[in-house]
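All remarks here apply to the structure that follows.
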Amino acid sequence: MFSITTESIEPRALEEIVRTGDGGVVTFLGVVRDEADGRRVSGLSYEAFEPMAVREFEAIAREARDRFGDVRIAIVHRIGELSAGEISVAVLASAAHRGTAFDACRYAIDELKRRAPIWKKERYADGGSEWRAGGA
Amino acid sequence: MFSITTESIEPRALEEIVRTGDGGVVTFLGVVRDEADGRRVSGLSYEAFEPMAVREFEAIAREARDRFGDVRIAIVHRIGELSAGEISVAVLASAAHRGTAFDACRYAIDELKRRAPIWKKERYADGGSEWRAGGA
Amino acid sequence: MEIRYDSPRYPSKQPPMRIRVLVFARLRELLDGGERSLRLPEGASVEDAWDALVAEFPAIAQERRCTRVARNGRLGSFDDGLNDGDELALLPPVGGG
Amino acid sequence: MEIRYDSPRYPSKQPPMRIRVLVFARLRELLDGGERSLRLPEGASVEDAWDALVAEFPAIAQERRCTRVARNGRLGSFDDGLNDGDELALLPPVGGG
């Protein structure tokens, strides 16, 4: 399950990829923070180059399998307007053993932030806004 | 939120500890596998020394904060009879940044398996059963 | 069930201590129940409590090596002395998760 | 909107190529829209497409250094040649998650 969505993310939906025999399921949820570098954030907007982003998610999942072994991965990223406390991204990794699931989940979110064609604009409570690169 | 429960675990309930300002939430779910060392498992039963287990969960969370910094942790372990595909344990770690949340979540489940006074008996499809130590 | 145990090392001149023993997993099965009360002479140790149980349930003897003990909810050792009213938990190798 | 660009390097003797340009984030704002069509002479490169956009939107010039390009959904380089009908995406530094 690899997708870009304008709807609010329901993390449990990603569990559909969990297979009988998987003993460890690791989920990462990215949540919109209410501050960045000491400035109060009033909202965010995300945009994506959707077909390329989805292909990048697929590539990242393949790489995770090559590196860490048999693991199922789901990645869903939300776009559009988000406010503090909302989920911007969910990554789920499910494997027979937990080490594989942890490694694959972390690899996937790190790579997603590093290279998936997705952009984030922060709007600040004190006015102004900024495109933020290199997801911290 | 640190508890032992006989009820089925609802992972989203652990999210109540997520605080405004947390940007990364990592959840580990332990799921009952249908095989172990090549034997088909028909079911599991868990038991716990409950008050000590809960105190151990609290101690593990304190250690995680000492090691990795400001992070909120929830741990819920189920006991009683479980069948394949059911969630036996949920660990959630929530922090401003994802590295802290990943490290804390993994530390917590590793330590839980290593030292929390909880026991697991596997029942095999071919008959027989076994208490399993040293959670793999 | 209550086991009364008069250690040869500790002749029971004083009123015996009552110790609440909790056992889990394999030990629970071998002892046919998770909780029991032991009467031990004043000054008895965790080791003495264990020996009293072995006297009644010889099958547990081989579990000694990998059993940990908790006194009143805190990990302790077989050398620890016991006090009247203590709760003594005998913990086989854990395997949660 | 369609920009027609006749490169001095590539006099337009042949029918021009039509390139679909997608821009995102800061570049989308600077170009006042996410999608446009460029007409470029046969043989033009990604660099030529960029120059055509800079000619109309000088403010993007300074973005060149940190812009990556994707041709038909695959990462490429500014040196890549373009073909008629190509989709060219101009990608500012990403920051999802």
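Order as written gives the chain letters A, B, C and D; numbering starts at 1 within each chain.
Here, a residue touches a chain if its C-beta (ideal position, glycine included) is under 8 Å from a C-beta of that chain, and two chains touch if they have at least 3 such contacts.
All figures in this text were calculated on a predicted structure; none of them were measured in a lab.
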### Query
Moving only between chains that touch, what is the shortest number of steps from chain A to chain B?
1
### Task
Provide the C-alpha centroid distance between chain A and chain D, rounded to the nearest whole angstrom.
29
### For chain A paired with chain C, centre-to-centre distance based on mean C-alpha positions, whole Å
51
#### Entry: Per-residue multi-chain contacts in chain B, two or more chains
30, 109
### Which chain pairs touch, all of them
A-B, A-D, B-C
### Task
Report the residues of chain A in contact with chain B in the complex, numbered from low to high.
11-12, 18, 20-35, 84-85, 96-98, 101-102, 105-106, 109, 136
### Query
Which part of chain A faces chain D closely enough to touch in the complex?
30, 46-49, 51-53, 55, 77, 88-89, 109, 112-121, 131-135
### Message
Quick check on the complex: what are the chain D residues that touch chain A?
### Response
22, 24-26, 28, 66, 70, 73, 89, 91-97
